[in-house]
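One chain, chain A, appears in both complexes that follow, with chain B as partner in the first and chain C in the second.
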Partner chain A sequence: MLPHAEMVHWLFATGILFVGLCLLCEAIVGQEVWRARPWRKYLWPGVAFGMGVLLWPVMAFFTNSSIHMYAHGSWAEVLMLAGGAELGLVHGRLTSPLWRLTWPLAFAVTGTAFIVHEQNSWLFARSAFLHHLIGWTFVIGALVPLALVLRPRSVVLQACMALTIVSVATMLYTDRDVAPVFDHLSPLAGAPHR
Partner chain B sequence: METSLVHEIPVDAARRSAPRARAVSLIGPVTVAVGVIWGILQPYRLTILHPRGQGLWWLVAEPPLLVATAGVVFALVVAKPLLADLEKHDAAAR
Partner chain C sequence: MRRVLLAVFAALAFPAAASAHATLVSTTPPFAHELQRGPARIVLHFDQHVTVLPGGIKVLNGVGAQFAAHAHVVGTNVVARVAPLKLGAYTVRWRAISSDSHVVSGVWTFGVRVPAPAVGEAYGAGGPTASEHVVRWIWFLGLALAIGSLGFRIFCLRGLSVPRSLERRIAVAAGLGIAVAINAGIAAFSLRAEDALQLPFGNFLYGDLSPMAATRFGHAFVVMTLGFAGVLALVYVSWLLDRPTLLVPAFVLSVLFAGGLSWSGHDALDPGSSWKTAVADWVHIAAASVWIGGLATMVGLLWYGAPELRRSAFAQFARLATVLIALVLGAGTYLSIVRLPHLSDLWTQGYGQVLLVKIGLVCFVLVWGAFHHFVVRPTLDRADAGVLARVGRSLVGESLVGIAVLLAAAVLVDSKPPAQSSEQSPAGAATTLRP
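Let's turn to the complex of A and B:
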């Protein structure tokens, strides 16, 4: 009854895409208009926090090794931390802008976990390629939320943050459990199931 | 000198011409279009086209449909009220 791992990736990609679109809109209209309705300011931080919570069952039901469990557990923790900190900031409970450092932390931890827990080389299979690509995207992309801590009003940086997240969603959508990448598929990966 | 041409730009036209409003109103439809184009290019990823014998998850998790759904939800839930707020904000600023 459990879905394939690739399906879980697609469902998370949808949540990540939605967050990216919200961030893009916020960058376009500005914070004042975006927060004109109270519910909207909680929207994308709430979705991010919710995805962090949902990563726990993913960790429990879909990990088949210790290193996978640590990776998924660390994503759940840092996503809940960053989403929760953002919720606290928009609500006014948290006032120090330094709480926004939780985002570069989340990016760096996520990227490192992606790279470390992928044991195969880039061209082993599509999922291996995507693990390396997403990992490095997060590690390098961590510079964007870090720069946003220093220049929170920069529209260019806000748009970069949104597009980084949309690009991660795109990569997750292309994931398959067993599929070739650039015509490469290791015989050790198994047979593509559809 | 008077002319029979337009004297006043209608509010709707002014809103449409505002680049920010146009950008916001395009995000949802563009996302839906991406999902539809993806479905046309890779129809085998749409199990809804051949649903017989498919399990629940194969019918629920169809990436092109998920992208299109995200676009629809975004357009209706986020972009539509946001455009109204943007219009109000611009009107108040005038």
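Let's turn to the complex of A and C:
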């Protein structure tokens, strides 16, 4: 008995929103204040790594098409890699800031998988529209963590990173027909799925 | 390369029409069921509207005769009436156009008063290909690297002062091995499904894999993927927190989850197999993984990376290898006797010939290992740097032969053992399905 895809999307949207809000807090109060409690530096990297682990059951159980399986698997891998690299950096086990390049990589892979696994046209159906919107947000948004590798102390870039992630979480909440936020975008797309 | 990049860019920039593609929610009759009488109709229930294609549902018997009438759409269902079916095994192949214009496809089997064959034995399904051998080999290599590096750290470096750089390299090797094993498992599952579906790559991407996920191999794939993802997290946490003790549960779990291959292979499913053959296969795989992976870890990571530990690690590995080789040979001999009851099967049957190649390679690597154990080990204490370098090169050679053994094992696993003449196949109908 598998949960509806919406439930899974919402669960991960919650995790992504949490990561985005943590990043936003860190950008607002500054790294020193954010890390005043030692456990806080592990908070969002740990959640990101944990979401990567939790994406494996999604990959293994949702086998309704090959391409969905590959998309879920690629997200699991890049999220574990980027979350793991960040944990290694904040714990001091990794020292090179170049490990933060795993974030633009994760964004680019995730965005491409979003776009490719739902080959949709613009503004046709909500799911189609949002998959493209999320995909392109990630692909273009990959420039932000890339710039952060070069200017890690930039508050503007930190805030941009946080807001990109919060935006993606919001889109993910509205990704299915049962989420009555945007309504059905075009009658040409046929009846809502459920 | 430029064309591939252009195609990828075009796919991103000019997407095809419409929304998320249709998902098959349920079928009548269900996957792999044995029915007492033939179904009057086939029903595919989707989560959204689909368009039916000509010949959208086919019900085929063991020789390819078609029994389904023209399919039509009723709500979110596709329905086709079926002519009366006699006793036997049947394959259902279906295709429909999803609202996103993708052709979604699938296959499943059922039996009328006989057990339903595995979906991989459906009418029209193909057998293993060379790419499956390669993927299986990579899967074995990943498992050997993961289990072997963890086992080497736990058993051969126990009580030694292990430098931090070596700890890190072992954790990376184990993590890499697990990642390779997970991805090779996904590829093996996809290729097995592709054997049953027999679709062009573009259509295969939207093919329904759920009937394959419902097989024993599918269950093993799910359990192994989830299990190894957990082990990967455990190895990572062990490295992050500098807690080598966490590698012990990671090793135990890796060995346990490697049993998925035995649980879903010939030695658990074929006629003549029992829980004893499945356990023997598991012992065979686990011991071989620790042996070959441990050897590769010693020569690849320790021999040149931590030379001060060479002598003690070599001595401990030699002791461990003795036990592992006994397990590999004992379990392998038992399985060979069960699979090939006649000695002549070794040269008259294809399975036996591959086994013969594997036995030859194993004998070669055993002789090489015996040379290291009985000749090299006693002299290691007084060996100079030149001798140690030559020993390192010799260990590389032994590892490479071990890797070749894994290739032979991969081909063997994908080969069909000869039928057991004295016993009736429990899925007898399955063997009659292929065209």
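Note that the second predicted complex is superposed on the first by the 171 of 194 C-alpha atoms of A that agree within 3 Å, B and C clash if a C-alpha of one lies under 4 Å from a C-alpha of the other, contacts with A are read in each partner's own complex, and residues count from 1 in each chain.
Definition applied: a residue touches a chain if its C-beta (ideal position, glycine included) is under 8 Å from a C-beta of that chain, and two chains touch if they have at least 3 such contacts.
Treat the numbers as computed from the prediction; the structure is a model and nothing was measured.
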Item to check | Clash or fit, chain B versus chain C on superposed chain A | outcome: fit
Checklist entry - Once the shared chain is lined up, is A:R37 touching chain B (first), chain C (second), both, or neither of them? => result first
Next on the checklist: Contact-wise, after the overlay, does A:Y173 reach chain B, chain C, both or neither (first, second, both, neither)?
Outcome noted: first
Item to check | Dominant toucher of chain A (residue count), chain B or chain C | outcome: C
Next on the checklist: Just checking: does A:M7 make contact with chain B only, chain C only, both, or neither of them? Give me first, second, both or neither.
Outcome noted: first
Next on the checklist: By the touch definition at the top of the document, which applies to A:S66: first (chain B), second (chain C), both, or neither?
Outcome noted: second
Next on the checklist: Please give the least Cα distance, whole angstrom, that chain B and chain C reach in the superposed model.
Outcome noted: 17
Checklist outcome for this item: Interface residues of chain A shared by chain B and chain C, listed 194
Next on the checklist: With touch defined as at the start, can you tell me which chain A residues reach chain B in the complex?
Outcome noted: 1, 3-4, 7, 10-11, 13-14, 17-18, 21-22, 24-25, 28-29, 32-34, 36-37, 40, 43, 173, 194
Next on the checklist: Please output the residues of chain C touching chain A within their complex, sorted ascending.
Outcome noted: 11-12, 15-21, 23-24, 47-49, 99-100, 102, 104, 179, 183, 186, 190, 193, 204-210, 212-213, 218, 221-222, 225-226, 229-230, 232-233, 236, 239-242
Checklist entry - Touching chain A in the complex: which residues of chain B? => result 20, 23-24, 27-28, 31, 44, 56-58, 60-61, 63, 66-67, 69-70, 73-74, 78-79, 81-82, 85-86, 88-89
Next on the checklist: Could you list, by residue number, the parts of chain A that touch chain C in their complex?
Outcome noted: 49, 53, 56-57, 59-61, 63-67, 69-70, 73, 76-77, 80, 84, 87-88, 91, 93, 112, 115-116, 118-122, 124-128, 131-132, 139, 189-191, 193-194
